[in-house]
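These are the structures, in structure tokens.
Here come two complexes built around chain A, the first alongside chain B, the second alongside chain C.
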Partner chain A sequence: MSVQTVLAPQAEKPVRPSFVRRYLPYLLIAPSVIMLLSLIAYPLLFALRSSLYFWNLQIAPQPLTFVGLANYVQALNAFDFRDALVNTLVLSVTGTAIEFAFGLAIALLLLKALPGMNVVRALLILPTTIAPIVVGFLFRYLYDPGGGLITWLLRVFGAPVPPMGLLGSPTTALAAVLFADVWQWTPFFAIVLYASLLSVPDEIIEAARLDRASPLTMLIRIKLPLIRRTAVIIAMLRFMQLFNTFDTVLVLTRGGPGTSTRTLGYSLYEQGLINFNIGLVSAMTWITVLIVNIIVALYVSFAFRNEEW
Partner chain B sequence: MLRQKAFFSALTYVGGLLVLAIFIGPIVWFIALAIRPAETAFAMPPQFTFQPGLDAFRHILVNPGTNAPQLVNSLIVAIGAVALNLPFSVPAAYALSRFKVRGKKNIMLWYLGLLMAPPIAFLIPYFILITRVGLQGTYFSMVLVLQTITIPFSVWLMKSFIDEVPSELEEAARVDGARWYTVMWRITLPIVRPGIIVTSMFAFVFAWNNAAFPLVLSSRSTATLPIGTLGYFATSGVTWNFIAAAAVLAMIPPMIIFLVFDRYVVRGLTFGSVKG
Partner chain C sequence: MSVDTTGLSRRSLLKGVSGAALVGSSFGPLLAPTRARAQSSKLVRVLAVEDPFFFSMKAMIPDFEKETGVKVELESLSYDALQARLVSAFVAKTSDADVIAVDQMWLGQYLDNGWIISLNDFIAKDKDIDLADFIPEVLYSSNTWRGQIATLPVAAYAQGVMYRKDILEQFGIATPPTQTSEAWTWDAYLNALKSLDGKQFGGKPLFPTVVCGSQPSPIVHMFTQISASHGANWFKAFPTSPWNFEPQLTGPAWMKSVDIYRELYKLSPPEAINYVWFDAGTRFAKGDIGMFYWWTPYFYLIKNSGYMTGKKSDIMGKYAAAAMPKAAGVEQTISLGGWSLGVPSSSANQEAGYAFIKWATSKATQKKMALWPDLNYQFSDFARVSLYKDEEVKAIYPYLDVQYAMMKQGNGKITRPPVPGYTALESVLGLTLNQLLTGAADPKVALETTNGLFTSILKGNLMIPYQKESFGDTLSEAKALISKLGKS
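Right, the complex of A and B next:
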């Protein structure tokens, strides 16, 4: 197993590039780009236009009046949208950090290549394979205030469980949603970090050991810097997936109680597919798309800045 | 020294068991829910022993078999999404791996950006568009919209596989006078066939696990398994055995694919950007 920069071997330049040869690569790429552009351009333009109108499908099948930027103002002033923004950021940041830390700990455990640990490694990935919506069902069962396994375990160990259950109380609901995500995605970090730590050359470790580096120094000063690229990429991927959290929340809490677990994704779902407030949800869509674009652009330019293609 | 070593080994095993209990335990507990008698589902304290039975599976698959058609729907949509994506992503991945392309980095990052876009942001426009063109509730609408995930994913993963094929082979064939499409079709693609299979399998998992698009685009008769499972929430808690049985069905194909393609899991989950 090895982690390496993706390096594309370039084809030799032909002596006399014909028309086909010169444009061939673009002809091969074009279908996918055109397909994707046509799939995303329509929704974005549609949302941009709708966001400037008052339009509720429950009232009229067509946009009613041009309202300018009123929908954007309304979205940004609505407390539930602002709460959603805050919750989403809290979920994304803490989720990524916790999953990374636990994942790293498990990866180090797996590196103690004892017989049988292979089985642990192979099975560990299973939570990550499950559809998020199914993870939602699973944890709703585990959190059930009446007979959930987690509720029971907490009571056995003397931890207080709110009478409405972990998902029913505003103080614990967001943490409960977060825990479900941590359960599903910590294995992802563990497996990927394990694979990249495994590829750290033995000579480097040996040299450090001869210098009497402590295990902790070795980890922080030598191993982690060597796998930095992988670490940055997977943290980015996970951060964005967490930012888009929607199906787990739909099953676990529907954003409640109150707005305590409302995420941006769930807000969009509710305004669009429950309230059918197309004008408002289009404005929210554009706000979300802008935020996502800024984060992705910042992160990607950082993560891939030294990359060769 | 030896005793210390044994102690640390034991500690590692305890850690390993703890990891298994935390991450695999809940899955086992959910499978247990699908095969335990309904009245023990919420017993307090939880009942760890029970008489297992397949009643819940019989209910969801045979009589009345609510979820059997949804299982088929899930298969149709996921296989369709993978099949439609290949003619778009394979040539693009080949070109991005083999040729000098201006703006290659930006194109690759654009695909990656799409993979990280919030699907929910596109749901409402899709819902309205698909309804207007009369495709609402069709398999095709879901397969089409899923391309926003499967194409970028496959381009990235496939490119990482094609990058590994030494270009000397192709150059040799070109020296022998073979045209580019002969080279691609007869030499490169056969060599990366395992890569295409791995890519298709992981793309299948992504499509299979997607609930956002079917949630708004499917109809009662084309609903996929996760959406069908959501339907049980309309009724009371008695149906938890059925939820679990349907959810277990939904869990099986991705789990099998991940266990079989164990070697490629790291690569699949990171879109080929990290090679495990």
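Right, the complex of A and C next:
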């Protein structure tokens, strides 16, 4: 009788990855992180520091004295701050809502296999490719009280047009600015929502149709919930863009008449590049950053609740 | 053995494209055309603005290059873009140009911050600059600060009235005088305009006048001519020494001026609430305005139907120019403006920069600019006395006598004080005036609020109390400086 000794297999010695292999992922993302930090974090920190000093380039080329929170107090007490904040919120909230609603309607229309839809899809993106400054000049002519196309159309349909023109009346100027923005950016919503709607499975739609669900029910109960993530994200992005509206206001109205179209973005431009009050504009920048972040944080916590990511 | 060269995997393609992009981004900037640096005196970089002088000056550049052998790199920007670019370059201490266009409102700030050089030394050593030929009121208003001449004027503007001869004749209105007159007051101006209210001309509705309502700069430029005429001062003491920047906007001169400007707006097209500088001139050139006042370049800009198009307007030959109205019993003050050329302290080519400025502001060059026929003769914004008396130039520009008479009563330091922080004050005043035109505010309350805002801005900018040394910046001081430098 022989006894065979069975030896347990020897465990393999762990091979330590090389230094390069271990740190390669960090090295590869390092340039992006450095660029992000330098383009975003550094300017914000510089602005934070500047906001604590009296620094007006019309008075002296360098910061003169530490003033603590005085610039913030001055910014919040500025003659136009309240109006600019209200106008900015109205533009951002209303603009986002209108552009979303119209964009969704256009996206639903694009889903239908109607003749010419390919051409429509191609033309739809054109307004978003135009620079906002150019759109501003275009609408300045369209709103011209002497013979602008929009003014003429409104008069033809019997709509009341103020004698000083849509841009000259405090009651219509903000709506005129908003309309120019809606014209330019609704196609953006349309294209993105259309792409998102294409990903809704046909079987679900077919099943709903077989269950005799109405188109409205299908939209509310099936399509919108399924495209919710995309919709929430583009609405948030567009809100943040609208919050910084400046170039269209600059060309169309320069914040007037009075303060009826003044936005926080325009006030920042005026303080920074016209008045060169670096300390004050830095404080205004941080106030704007805080306001936007609070609003977006509330929006995200509400919109993304119950989400599994 | 055959080698398969047809297969190209996605990974290989991505690797190749990424590699090419990396190489391109590393070496691309080295291959891109670099901005010419004026390291030698054979190139001078000029940064200007597209006011009328720019076009005729640009046409004369080949003459300068031929005379001096120095190449000129000329660039123009809009007003806001020019200011932003200049200040950015100054703060970053980069050399962006050897000659820059400087608005009178920027002069004090640029000189105090050391961003531009004083030209006193260059002028003192220059025997043929002919400083005495410049209108002293222009040099005082636009080019001197704290005893230094920091720029020289390439285009000088005053303000004056333009009116339709045919319209006034049809309605029996006396033509305004070409010289300042005690009979030609703001009340007389308003009465003449009111007599045109509701009238028609050529079968079309007529507006008596047109104003600029756009905030902040256009409305302030136009309004401050009225306030200066009435003897209104922005501050308790400026430019006389010691400087005291307590604002004075609640005085009766300001109230009266606001009342007049509101009346003028009621007699204007309603859309004038949004009119910037050129809109007012274009509207007058369209033919449905009876009379208006504005910067003197418009005496000839309205000959054209569009800005610098050369295409004649419908009113060419049908209008004339006249003196500004004055306030009864108050010595007339005319708003002066315009553009000047200066040398940045960061320029490594200051001698060439000064040579260009001397050439551009010389009598010979300015006359050639005036005689340049393209665009329908658009340059007459002379700062030199001799050009207002030149018969050859007067034959083309028939309103030079009016322009000169207005220039001699000019004081840019009273009408729009070029103090540090001016733009913030202009923003507030422009907004207030715009709101007053739309009826959104009560004038007395609005001016008191604006006065309070001025105080708050000036205190925030360390101007109240003023902590730096004051300077007795008067016309007589400027004349003494001109005389001293001219004799050196």
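Descriptive notes on the structure:
Here is the rule we go by: the second predicted complex is superposed on the first by the 272 of 309 C-alpha atoms of A that agree within 3 Å, B and C clash if a C-alpha of one lies under 4 Å from a C-alpha of the other, contacts with A are read in each partner's own complex, and residues count from 1 in each chain.
Here is the rule we use: a contact is a pair of C-beta atoms (placed from the backbone, for glycine too) under 8 Å apart; a residue touches a chain by one contact, two chains touch by 3 or more.
Predicted model only: the values in this text are computed from it and were never measured.
In the superposition on chain A, contact is made by A:Leu64 with chain C only, not with chain B.
Contact with chain C, but none with chain B, is seen for A:Thr259 once the two complexes are overlaid on the shared chain. Shared-chain residue A:Val292: touches chain B; no touch with chain C. Once the two complexes are overlaid on the shared chain, A:Met164 sits against chain C while remaining clear of chain B. When the shared chain is aligned, chain B comes close enough to touch A:Ile234, but chain C does not. With both structures placed on the common chain, the touch criterion links A:Leu273 to chain B and to chain C. Of the two partner chains placed by the overlay, chain B and chain C both lie in contact with A:Gly146. By the touch criterion defined above, A:Ala107 lies against neither chain B nor chain C after alignment on the C-alpha atoms of chain A. More chain A residues lie in contact with B than with the other chain of the pair chain B and chain C. In the superposition on chain A, A:Leu36 contacts chain B only, with no contact to chain C.
Residues common to the contacts of chain A with chain B and with chain C across the two structures: 144, 146, 273. Chain C makes touch with chain A in their complex at residues 80, 83-84, 87, 90-91, 109, 112-115, 213-216, 270-274, 420-424, 427-428, 431, 434-435, 438, 440, 449, 453, 456, 460-463. By the touch rule above, chain A contacts chain C in their complex via residues 54, 56-61, 64, 70, 74, 79-80, 144-146, 162-165, 167-170, 253-259, 270, 273-277, 280. Taken in their complex, chain B has these residues touching chain A: 8-9, 12-13, 15-16, 19-20, 22-24, 26-27, 29-30, 33, 41-46, 87-89, 91-92, 94-101, 104-105, 107-109, 111-114, 116-129, 144-145, 147-148, 151-152, 155, 159-160, 163, 166-167, 170-171, 180, 205, 208-212, 216, 226, 229-230, 233, 240, 243-244, 247, 250-251, 254-255, 257-259, 262, 265-266, 269-276. Chain A makes touch with chain B in their complex at residues 1-4, 6-13, 20-21, 24-26, 28-29, 31-33, 35-36, 39-40, 42-44, 46-47, 106, 109, 112, 114, 116-117, 120, 122-134, 137-139, 141-142, 144, 146-149, 152, 183, 186-188, 191-192, 195-196, 230, 233-234, 237, 240-241, 243-244, 246-247, 251, 264-265, 268-269, 272-273, 278, 281-282, 285, 288-289, 292-293, 296-297, 300, 304, 307, 309.
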